[in-house]
Every structure is written in structure tokens, then in C-alpha cells.
Amino acid sequence: MVDEGTLKALEDKVAELKRLIQQDGLELSEELSLLERKLEELRREYFAKLSDWDRVKLARHERRPTGIELVEKVFDDFYELRGDRLLGDDQALRGGLAKLGGKPVVVLFHQKGRTLEEQRRYRFGMAGPAGYRKAARLMGIADRLRLPLISLVDTPGAYPGVEAESHNIAGTIARSIETMLSVRAPTVAVIVGEGGSGGAVAIACADRVLMLEYAIYSVISPEGAAAILWKDQKATPKAAEALGLSAPKLRALGVIDEVLPEPLGGAHTDPDATADTIREALMRHLDELFSLPLDELLALRYKRYRDVGSYREIETGSFLQDL
Amino acid sequence: MPIWKDEKKKNRRDYVEVTPSRAEDLWLRCQSCGELVFRKKLAQNSYICPHCGAYFFLSAEERIASLVDEGSAADVTAPLVANDPLGFVDRKPYPDRVKEAQRETGLLDAVKVVEARIEGHPVVLAVMDFRFIGGSMGSVVGEELCLAMERAIELGVPFVLVAASGGARVQEGVLSLMQMPKTVLVRGKLARAGIPYIAVFTYPTTGGVLASIASLADITLAERGTKIGFAGPRVIEQTTKEKLPPDFQTEDFALARGMVDRVVRREELRSELGKILSLLDGGRYGG
Amino acid sequence: MVDEGTLKALEDKVAELKRLIQQDGLELSEELSLLERKLEELRREYFAKLSDWDRVKLARHERRPTGIELVEKVFDDFYELRGDRLLGDDQALRGGLAKLGGKPVVVLFHQKGRTLEEQRRYRFGMAGPAGYRKAARLMGIADRLRLPLISLVDTPGAYPGVEAESHNIAGTIARSIETMLSVRAPTVAVIVGEGGSGGAVAIACADRVLMLEYAIYSVISPEGAAAILWKDQKATPKAAEALGLSAPKLRALGVIDEVLPEPLGGAHTDPDATADTIREALMRHLDELFSLPLDELLALRYKRYRDVGSYREIETGSFLQDL
Amino acid sequence: MPIWKDEKKKNRRDYVEVTPSRAEDLWLRCQSCGELVFRKKLAQNSYICPHCGAYFFLSAEERIASLVDEGSAADVTAPLVANDPLGFVDRKPYPDRVKEAQRETGLLDAVKVVEARIEGHPVVLAVMDFRFIGGSMGSVVGEELCLAMERAIELGVPFVLVAASGGARVQEGVLSLMQMPKTVLVRGKLARAGIPYIAVFTYPTTGGVLASIASLADITLAERGTKIGFAGPRVIEQTTKEKLPPDFQTEDFALARGMVDRVVRREELRSELGKILSLLDGGRYGG
């Protein structure tokens, strides 16, 4: 069975060959095309029977394009805005103005960082109170200026720390949700990597929620679920399966509106194509939303979130007998 | 298991039990002083040990009884039962877990909603029950809270939420996460209708419930002995390697950081709510 | 000429005599009435030619009733609410729910403290970012629940400190002003002691602004003005005169709506009577405001603050020649 | 007098002059490198010393020239002059002070308002002038800012404020304090009209101006070398006996604490504003 280690080794080899051909002008094109065919084959095999745990690993892939990389490819311009006007500027959750198809938009995104130093500085995309307050501030700009709000979600979750708890991280997430739901302009969220729990939902309460094919969106990390529910770290892949965190499953549940296909091999194998897909989808959904008058837009949003959930009504009498 | 004890003051009254008792036991043993207490007697004393003042664990029903005027509560919890949207199985299937919890608690899910009076003031009161899968918020809890707020709007009476929750209902996956925007949305409707919303944080008020509906009250009380926080201490220590301060996520920690309006002893909770409700009573500006 | 030292000495003597009579049952009533007559006489003399600097000293008088003392006397009940949900709870600016004439209200007030320990804890009524954020939070409650908002102002100014600047004290004051101006219910402010600059105006942008007779309201402390404008600390009394900080002068300017008379000798000689005056005035103004529909209330508020200022239009041509 | 100098980097470009020059001088001496610079040449270089990169002091007029498209500015400052509501006399009468400042600056008061274009984008631009009684906000400044915002609403173009203020106009007493709610009020109208508001903090942005209109922009830029704070360092040290950090109330201090969106070098301010304005251009949601 192909595993991600084999894949990665082959990917590295292909990359190395390409480098040699380009840099040193070596005549290795035959070897390259051979390897590329092999890689393609293995990928097909691997992606044909992708487990949800494989998807988690893809969503967390070290080469997966990060927030800022996607933002720069998806949007025509990006002008970063900083600070929550009180606590500071949290670089784990960034945002600013941008253009999309000639239209001004407000963008929010988690930033995980690629290098170790970046990851430390961005705390792997785990934002704290200043981050969620900044998010709410930028949502306020979108609201006042009637600019569409677009968020790219990629976080393991909100930052769990003493400082964060001291500044009411929970309350700042609640305010972020409240503010996002009240923006008087179209809102679209795209889960592009990890959609980790409250830290994700804080900027994902949009009119349309899209999701990259190999992104995940989950109420808890598979590791956390394994520890709490299975009391066994080895149950992590099983937990990933159970949590229903994959894009197709969430689409089936109606939690997300559209799965955005990734290149075979995942977004990191072709960030440009991935960005193109995101851009095309954003423009399509924004076009639809722009055609709605404000009261209808808000009514649809209200209905979407008011009605979410899965339960059934029973007759209490019979229920009590059942127990 | 004690979760709050003021060691310096040797104050046994600050001992809180977090392990539920079995509903069928007529006599309960106080885990603080070891005395056996007659359940009925305990109920008359807000579930505070008459011997040592320790707080016993409260079910939703017991909590309601301890807060509302006798005979005033009408159960309006909607007859809703959780589906199993993910076909979730951990060590047991989710439907079995729900059924077990139902059997144990006599509740349909982790919240009970009543129309009642508190010291004469009509309210819609939603009380979460920690015994039911850790008071976790899934689709049913989310819907019940929304229906409760909508009922408060309809009746024009304050909404009171007694929170007790470990967070989101993991077994319903992202659908339980979605109960965060859902409840926040309807809280907005409540606010636009000018209906007061009072939250009481009891043991424990954490995770997704704290990061949505619970944090958005007009007035927030914390019961002495509660735990208030977004992330669990173990997660924090594992992720950040930080040493946690001794009062971390206690009600006094929250009060000092401006997260709650008051810390209230259980025996005063009812009169405290009565005071607030009476202060909100009377001719408001109708212009 | 009578100065405040002579007055205070006599006040102390009267208090001592009263104590002796009450506690020890001594027969000193004749001496007492003699002294009281003398005190009354001196007070009349002193208050007849009260300078603005005298008023400053009265407004800062160590026995002047503090915020909480007035609140407890003016309102039927007071239920304190705490915290800004982010930084902490600032006890220099307090507030909560209360009743006034059977009607629920939201109350805000600065708290200076009486004892040294209190003064340290309350920082002499100088609130920081957490205080002004709490103020805005309570204004939000008044807004949502349509409860009248009443503020009692008594502060030397916002707290000047590194921590306060680090958490954007200026921005929190601006937000407090913004929020107060948008409350959808009647608002009344009473300057009861010191109305010190931005820290005062942050909770004083009301539909009606009342002022106790010997309270002051100033853009800068007389000491500050003396230092900056006169470069001479001895100019402080002169600065007090120049700044127009007294209630009668501010009434004449139209900045405040009504001067609330204090007992002869100042509020501290009869806190109960002072509280009665405040209560009566609050109820009268609230009655008037309650009779207005919301759009009219907000329109009047808008006009009041839109039109405030003193300037004249000129013909630019002639102006340039004048220079 | 230098107010900002990056000693570590020995970067002379970070030197900012805060003493105004006399308008009649054709040649100005750079206080950083000592060179004499021809004023016209300086103007073409955003008032940055061509020899060492130091920032010269900017009048409102010079600032406007450095920001807007050549020939695009129409002065729309209302012909308003301060009254003397208090009959204020310190070392000299307030009316004399005003007249002096008018003579010195050619301005009616501490703000100049123009309709102009910045890199092609129409704006209403209000620029404060620190030379005019320390850029203090009295009745005229308050009214001019309100009129400017109302003009932006009327024209449907962004409002840009270049702040430079020591705070409230002390000589007008509480009336100048009242300019805080006044400007905040009209900023609310601007927001409801959906008009973008960009603030630029230049040396210095402090006191009552910072605690009202300046703090409420959608987007806030800080010019390199500015000073941003509510209370003066001397007041803070006297009141609290605190030792102030070396970067206290600098633009980097403000940026690190989330108070501004960007720190921008003077030579980039115009293109930076152009970028923002162009990003706000185009079809917004009109639903």
C-alpha cells in the first residue's frame, strides 16, 4: 500500500531531478518523465483510497500553501491592516483590503507560517484574543463600507494559553461570530487547511462556506478525540474517520456549500491551480450574493444558521417508555 | 472530587462536588465531611451540606428547584432527540450514549427549559445538565436554547441561562460547532427585542458554550466553585508548556479579569437573580 | 477675609461639640448654637465671594461625597456590574443597575475613594481602558434594554500611565463617547465633583448635562493650565478663573443645562440634601425625556452636539486685510 | 529638535524636525546635517532633506502639496474664526494669540480642508497644522472637521484626516472638550453613509483629538517619527512615578500595541494612500 512517506520521497526525487535539469543543464528528461509517470500512478493509487486520517495529514502538510501564499495568488492586491486597537497585533490571524475581479473586498485568514521561526511567531496559526478582536474590527469595516468579507480558514484552533484565557479568548470568539453574522454585505468562508474548532468557526460563519477538497473542518482534533473518547492515542485515525471532518462528508451534511477540487496530490503540488480554483469559486458565489438585496441576504443567512443541526421531534410519552 | 477549596481559610463551605449522585439514592454521603444527608433535606438547603456547607452536585431539575418559586415552573423543553448524523462510534455508538444519558438523567438532552418565576418575576429559564454527556452542546441543546430565547421574546420576559458545559458535543462533529453561530444569532434577535439575558456560570462553563451564547449575556454571575475557561488546563500545558497560576480558570480569576459581574454563593443565587430581575422591572423607555 | 482653613477649623469644632453632646451627654447646646451661628455667618461671607479656585477646592474637598455615597443616596437600589470582559474590572469607574422613582436605570460613576487605601485602589477616580470599556459595555445594556443611562462624573481625568497608554486609553475614551451618543434611551450626566477633561467627557455626552453648584468641569486642571500657559505654578488660581470651569459660567455658555444648588457650605455639609437635589433633578429631566419619541430624542441629541462651539463666519477678503 | 532617531541603525533618515520654519525663508537649514536646502527643492522631495534624509517640519499647506495630485486641491476650508467665549487671557489674550497664529500661518485656524485627488482618487482631505496653537482642537477645528465629513458624505468620496495636534484648545475651555463628542457624532454619520475614513497620525497626535475623531478611522497610518499618546510623558511621570519605556508613544510602540495599521515613511505616504483608495474603489455591495 502506498503511504504518504513513499509519495513524499518520490515527490522529492522529482523535484531534485527538475532542479538538476534546470540548474546544471543535465540531460535527464527521460528519467524525469519516467519518475513523473510513476509518481502520478502512485498518487492515483493513494488518493483513490484516501482515508480521513490521510486527509488530516494532507491538510497539515508542511508544504501546503499557507494563508498569505493563497491570498497573494487569489487576490489582485492585498493591503494588510493590523491591530485590534487594544491588545496588539496577532499575526496568527491576519487580514486587510484586497481586490477580487476588480471588486474591493475585506480578507481575513489564519497564518500558520512555513519556517520554524514563522511558525513560532504565528503560533502555527493559533490566534488569541487580539487576533479575534482584529477579525471583528475588520468585519466592522466590511459592514460599514459594504465590502464583501472573505475568510480563508487554516488553524488548529484558538491559542490555548494563560494570556489568552486572561483576556477572555472565549468572549472574543463569541464577539467575532456575532460580528460576522451581522455584516451587511456578502460573506464567504473557505476552509483551506485545518478548520480547527472554535478558532475556525469564529471567522467561518459566512453566507457561503466552501472547502478545499483535502482540507478538514472539525469540532476537535482527531488526537484530542482519541484521547478523550477512546482514551487511546492510537485511535487517532479511527477518530479522524468518525469525526466526519472531510469535505465530502461535510458537503453531504450540508455544513459546507461546495467542495473545491485540489490538484491530484494536494494543493501543495500546484498552489497556482489551487488559487485559481478558489478565485473562480469566490467570484461565482459573490456574483450570486451580490444579486440579492440586503434584506434577502440577511434573511437567508439567518435561516442558514437558525436551522442548522440534526435532531428529531418525538412524542414524549412513547420516548419515556422506550428508555 | 473537590474542585474548589479555600485552603487558607479552611472554609469547608467552598467545597464543591462535581460527581453526580444517582437519582434513586435517598441518602447522599457528603464527600467533604463524610456525613450522610437526607436528600429531601438537602433539597431544602439548595443542595448545600447542612453539616459542613459543601456544595453538592446539582442536576438541572435540582438546580431549577433551587432557583424558582415553588410550583411556578412549567417544563417547556421541546420534545427533541439527537440524531446520529455521523453514525458516530467511539467506544460505544453515539445513540447508545444518548440513550444511557437519557436513562440516567430522565432528560432528553443536556438542557431543560422552563417557564417559571424567580422571586415573583416571570422568566424563561434554561438549565444545562452536566450529567448528560458533560453538558455538551449538540444540535438539540442548540435548538432548545434558541427556542427558549424565542419563547422569552414572545412572552416579553427575561431569559436566564444556567450554563454547565464541557463544550461542544464531539459526537455530532461540525454540526455541534454550528450551534455556536446558531445560538449567537438568536441571542442577537433577543437583544434587538430588548429582552434582558442573564447568564449564570456553574461548574463547569467551558469550551464552545463559553465561546458563544454564554459569553454574550447582559449580566453574568458565576457560582462560587465554578470553572470558567475556553481551553482545558491539560491542553494548555501540553501546547504551551506554561505553568498555570493556582487560581487559573476559577471564578475569582474570571472576576479579576472582568469576565463576570459577580461571584455568588449558591445559597444566594436565587435572591441575587431576584434582585436583578426586580431592578429590570418597571417602566422602560418606550420612545 | 475668611479662608477655607478657618471654615474647616470651625466645622471641626461644631462636629466635636455635637459628638460630645451625643456621646457624653454634656450640656453644651448653648455653646453649640453659638458656634453654629458663627459658622453660618462665616460661610455666608465665604460663599458670597467664592472664587473659581475656591470652587476647585470645594469640588476636591476631602469630605465631598464620593460617587458611591451619592449613588446609594440618590437611587433606591444599586446593583454593581463589573468588568469589561477583556482587561479586568476598573474600580475608578463603576456602574450597574439601579432604580429611580420606580424606574430601572443604568448608572455609571467615577469613584475617588475616601480613605487613603481606597484612593490608591480607585486611583483617585482616574479610570483606565478597562474602566472606559466597562462604561461602554454598560451603555450597551442601556441601549439594548432601553434603560435610561445616568452618569455621575467626578474625576481628575483619565489615568495617565504606561499601562493605560499601552491599552489605547485614548481609543477607549473615543469608543465610550461614540457608544454614549448612540444609546437609544434618555441619558443624563451630572457633574458632581471634578469633571476632568477627556476622562469626564467620556461618560458625560448626555441628552442633559447637570452640574452641582460647586462642581467644576474643565478642559485641563488649573495646575496644568498654569504650568503650560503661564509657566508659573502660582498662576493656578488665575488659571482656574480663566478656564471658565464653574457651574454658573458653564450654564451661561450653554454647555450644561442646569445648576443644582448645594447646601450652604457645600455638598459635604449635607450629603442627604445634595442627593435629594440630584434625585429630584434627575427625575424631572428623565420625565421630560421619556415623553419624547426615540427619533426626536436622537435628533435633539444630534443637534445638541453637532452645534456645540463658538465661532463666527467672516468674509475671507476682509479677514486677510486685517492681519 | 529631533524627536525620533534610530540610534542603533545610525539612520539619519529617521530624524524629524518639529520646529516650524518661517514661511518667508527661501533657504532652510537642515537641523540634522546642517546643510542649507532650497525650499522649492525640498517641496519636490516631500520635505525630506536631499542630503541626509531628515524629515523637515510640514505646514498644512506643505503637507497637502506633498499628498495630492498637482493642481487638484480646491480649498474648501470654511471661513470660520474662533470667538473668545471665555474672555481668556493668560500671558496674552486669546484673540491676540489667534491673530498671531493666523498671521504666522496664513490659516484661519489649525486645520485646512481641501477637495483633492490622491493618485487620481477624489477625497475630502483635512490636514491639521501644528503651528497654529499646537494644532489644538477648538470650536473652529471641530466645526471644520464636521463640515469636511459632511462634504465627504455629500460627494460620496473618502475622508482623509492628517492629524497633528497637541490636544484640546485650552483657551476655549469646556467648549473645546465638546468638540470631542461633536466630531465623534459626525463620524458616526459618515460611517452610516458608508464613506471610508482614513486617518494619518503625524507629529504629534495626542490628547483630545486622539481620544475622539482620530481614533475612530477605518484605517490608520502613522507617519514615521510621529508621537501617539493620550497623556504627556511629563504628566505620566509626575502622576505615576513610572519609568517610561524608551519607545514610549512612538509609532512603533503604537503599532506593536495594535493602535495603528501601518507605519509609513513620509516619502511613501502618498502612494500608500493611493493604494488604499484604489483598493476601496470599485463596485461595492449595494443590496
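A, B, C and D label the chains in the order they appear, each numbered from 1.
One rule holds for everything that comes next: contacts are C-beta pairs under 8 Å (C-beta built on N, C-alpha and C of every residue); 3 or more make two chains touch, one makes a residue touch a chain.
Please read all numbers here as calculations on a predicted model, not as lab measurements.
Compared with chain C, the chain whose C-alpha mean position is the greatest distance off is A. Centre-to-centre separation of chain B and chain C, using mean CA positions: 41 Å.
Chain centres here are Cα means. That of chain A falls 52 Å from that of chain C. Chain C and chain D have CA centres that are 32 Å apart. Residue positions of chain D touching 2 or more other chains, listed in rising order: 215, 257-259. Each of the following residues of chain C touches two or more other chains: 85-87, 167-168, 171. Interchain contacts give a graph that is no line, ring or star and is not complete, per the touch definition above. The complete set of chain-chain contacts reads A-B, A-C, A-D, B-C, C-D. Within the complex, the chain C residues that touch chain D are 126, 158-162, 164-171, 173-175, 177-178, 180-182, 195, 197-198, 200-202, 205, 217-220, 224-225, 228-231, 235, 239, 242-245, 249-250, 253, 255, 302, 305-306, 308-316, 319, 323.
Every residue of chain A that touches chain C in the complex is listed here, in rising order: 85-87, 129, 167-168, 171-172. Taken together, the chain C residues at the contact with chain B in this complex read 77, 79-89, 97-99, 102-104, 130, 134, 141, 144-148, 184-186, 289-290, 292-294, 296-297. Against chain C, the residues of chain D that register as touching in their complex are 78-83, 85-86, 88-91, 99, 102-103, 108, 138-140, 142-143, 146, 168-170, 172-182, 184-188, 207-208, 210-216, 229-232, 235-236, 239-240, 242, 244-245, 248-249, 253, 257-259.
Those residues of chain B lying in contact with chain C across their complex are 191, 194, 196, 215, 218-219, 255-262, 275-276, 278-287.
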